[in-house]
Amino acid sequence: MRNLLDIMDLSTDELDSLIKTALDIKDHPEKYADACKRKKLATLFFEPSTRTRLSFEAAMYELGGNVIGFSESSSSSAAKGESVADTVKVVSNYADIIAMRHPKDGAALVAVRNANVPVINAGDGGHHHPTQTLADLLTIYREKGGFRGLTIGLCGDLKYGRTVHSLVYAMSRYEGVNFVFISPEELRFPRYIIDDVLEKNGIPYLETSDLEEAIPKLDILYMTRIQRERFLDLNEYERLKDSYILTPEKLISAKKDMAILHPLPRVNEISVALDKDPRAKYFEQTLNGKYMRMALILKLLGLDGKPSDETEDTVRDVIYDRFRCPNHRCITTTEQELRQEFYSVDEEQGVYRCVYCDTEIRK
Amino acid sequence: MRNLLDIMDLSTDELDSLIKTALDIKDHPEKYADACKRKKLATLFFEPSTRTRLSFEAAMYELGGNVIGFSESSSSSAAKGESVADTVKVVSNYADIIAMRHPKDGAALVAVRNANVPVINAGDGGHHHPTQTLADLLTIYREKGGFRGLTIGLCGDLKYGRTVHSLVYAMSRYEGVNFVFISPEELRFPRYIIDDVLEKNGIPYLETSDLEEAIPKLDILYMTRIQRERFLDLNEYERLKDSYILTPEKLISAKKDMAILHPLPRVNEISVALDKDPRAKYFEQTLNGKYMRMALILKLLGLDGKPSDETEDTVRDVIYDRFRCPNHRCITTTEQELRQEFYSVDEEQGVYRCVYCDTEIRK
Amino acid sequence: MRNLLDIMDLSTDELDSLIKTALDIKDHPEKYADACKRKKLATLFFEPSTRTRLSFEAAMYELGGNVIGFSESSSSSAAKGESVADTVKVVSNYADIIAMRHPKDGAALVAVRNANVPVINAGDGGHHHPTQTLADLLTIYREKGGFRGLTIGLCGDLKYGRTVHSLVYAMSRYEGVNFVFISPEELRFPRYIIDDVLEKNGIPYLETSDLEEAIPKLDILYMTRIQRERFLDLNEYERLKDSYILTPEKLISAKKDMAILHPLPRVNEISVALDKDPRAKYFEQTLNGKYMRMALILKLLGLDGKPSDETEDTVRDVIYDRFRCPNHRCITTTEQELRQEFYSVDEEQGVYRCVYCDTEIRK
């Protein structure tokens, strides 16, 4: 049995195989229409996320299965103080596979460790949201015929945007890819990912605050929202915000086949006037997300005709209860009787990370 | 592809055909049990309306289809500020047909203009709610064997009750129909509908504030609720309210086969003691609503065996961005990048109406 | 047509038959996979109870049926003031069977009296919750091979815990059963049930406040939560609470095959460390609940292959509108036009009970 916590849990081969299945589903939906007959997906959404939830539900119905679940925690037993662990243990008796969304970082790992059925992380706080990345990857694949050699621009809030981080991790595994990070100073792409992934592997990248200047080079432009709340200085926000709104004018110098992506919902960072531009792929992206979720459900239920993966979870030396996770959004702050658990990143320097939320501490 | 925004979008022939299909569904449900196999209905309820939602869901399941959706906007992306346009564009990738309820007048038109699948207006603010009128019409048809020559009493809040307005529009197309409007002075049936529809076509009507006096003439008595909030003078409310509560005593002089309708939910405007009276048809009305929604879904999905309608939307000369809609419940007040759009009613007099919510302005 | 309001509505034979069906479903799920094809269950949850709702929904899907409903009353017409009676009358037009949860005592009886389809009480306030008891009984049956001669310990809040009360009523019908009531003084098992059920039938029982002392005797240990709010004296709560938390240490003297049950959700009254103990059966209990709900749905829809029960409701002499129910959680306090209804328990002594919530009054 396998789960999906983080996009990096999937090998490149597994990703390729998911994409292949998704494309086959798109072309031959009738072949899959009864694939999950008599199976049930539980959508456990401890916080609302309509688009993601509806995408999973549509995916399961198109595979011939059924869906149970809840769409926010006020209507769940969580309001009575039930733990994530108990919830998934109970729901394992009601469903064959679980898609869980939770506001706390690391909640998905608690689910995986306690469920008796496969678990898909449908977003755990600001931590991971791998099925969004699957949607992004299929969109890029379909638009460009593959991943090699692409120049990928990422624009907006690159500091906090988890979808942007995951996309960089995932795309870095393909040959010849390079990145252009477009953001205000305050919201630059995190240095530790640049160090860990790009510098280490010699992957070219560029940082700029100028969207218009960057556009002509790009094969892909991945837009994200800049939230007012992220700025200490609101004057700075006012000064900057318009320069990160994509308009028809800004696209004049773009390649004719550049694809525009966005994880949605958008507020105003892409002008509605662009929706009819053939380069706008953000609605298509949601369709691709449905296909990838279908492929993923098939894979995790062992219904994709592939031998089941026997890969083990990464075995890491873990230190219990010596440190306390400083991230107040970590699931360890609320889940009952959950031990503090850290793994060593650099023992000499005393650098450790929380097993649940990956928050780094230095001792 | 067709949508249903307003009951008047349907021609008399189309209405007759829906009624015929609904009656066939009632008599031969097994013929339709797989009609929508592998199809999905999305119920997008931006405000709660349990009865309408459950009716749509039951309808879709009885046609062999599936349902996805949400039941209030706190669990939808709308809470994050997403536009109606974006929501329906995304959901078009997940479902084959949409039933949408929204608190803003005119929201349904935004949905129709952006969806790639048929849209059914399940209520847009105080504007339209055509599937309620379909339920009303089938109930009248089944009780009376047709529409001709009926005397229809409408009682209660005739000023604000959108179901009452729609019913008058719809019934006015049938020969020999006449209306009795029964309401307090404050809540009289709108003059503009009387002028537009009844006076213009020479359809007889009567206005009265006396329910008991009116009852003996009626073939149909359509009750609605009088809301306390509608009265400026609460003494007036207290004085009047009991006279618009239907009780067994008030029915003594009614015809033996008069049918009592109500859009539900009722609070106390029809005494529970009447529920067992054979003339009480308001629960049957909800069953009829389900059959009509089934017939409508079949029609809009092109599954009713009829050639698809090629009728075009009314083409109207539209004036963009010159006026601003004064209705603060209009969708133009909240939807992003939506242009103000008015059509001319009387150019000489300078009378225009908002394309979305039909609010009239004079310039 | 039959309903399930209270576990005591079921005869011992009917219980045995439900258990037999549930075991057959467990062993041969495929036999039942289409049993409810084209049937719809309505889950009307006027207050949230995720586990119970998901269990019902999973049950219906595993029988091949469909589900409509709502998960809390803010998204239902109840928010507009609709009565339980009207809601179930309408929903009877949309579904073949209803499972209803409601915060008011006695709401389930209102539903039964107004629905045109079978109604299952999925919890009415603090009154009854019979499907929880069905889950408990199947768990005991599967663990012990039957009910005779068992020593059943009940621990925690025995005063307010409705599941504990129902279990005592239900188990008292089996030969040789005896009970150990383990609770703080404030939360002792109600005297009137001891008198009515145990003393009257000569069933042995023991009352103690010492969990550790009681454990060695027990075949079943049924844990419940002690809520802080139940204590007038919070010092008393602090002093006591740990003695009613089940830990591995407290189990040292327990029988090797004692089964631990809990209605869930737990907060901390059973240590997570016990979850892996083979005696911990509280998660299995939720699985058993699903099987029993499947058996119950089949029975109430007449699909269990048994002749339908023709037993009448208990006919009781009822006194209308003479007394007023003093229980402010009784459905008679909110439901429109509902008459006060009492039955006599002891006419000489002037003891009566409310037909809806069974609250006792003395006149």
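Note that the chains take the letters A, B and C in the order they are written out, and that residue 1 is the start of every chain.
Keep in mind that, in the parts below, contacts are C-beta pairs under 8 Å (C-beta built on N, C-alpha and C of every residue); 3 or more make two chains touch, one makes a residue touch a chain.
Predicted model, so just to flag it, every value in this text is computed and none were measured.
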item: Interface residue identity across copies chain A, chain C - same or different by half; value: different
item: Cα superposition of chain A on its sequence copy chain B - rotation in ° rounded to nearest 5; value: 120
item: Centre-of-Cα separation between chain C and chain A, whole angstrom; value: 42
item: For chain A, residues contacting two or more additional chains; value: none
item: Chain C-facing residues of chain A, complex; value: 38, 40, 42, 66, 68-70, 74-82, 85-87, 89-91, 93-95, 336-337
item: Chain C partner contacts - residues on chain B that touch it in the complex; value: 33, 45, 48-51, 54-55, 57-58, 61-62, 67, 71-72, 264-268, 271-273, 275, 283, 286-287, 290
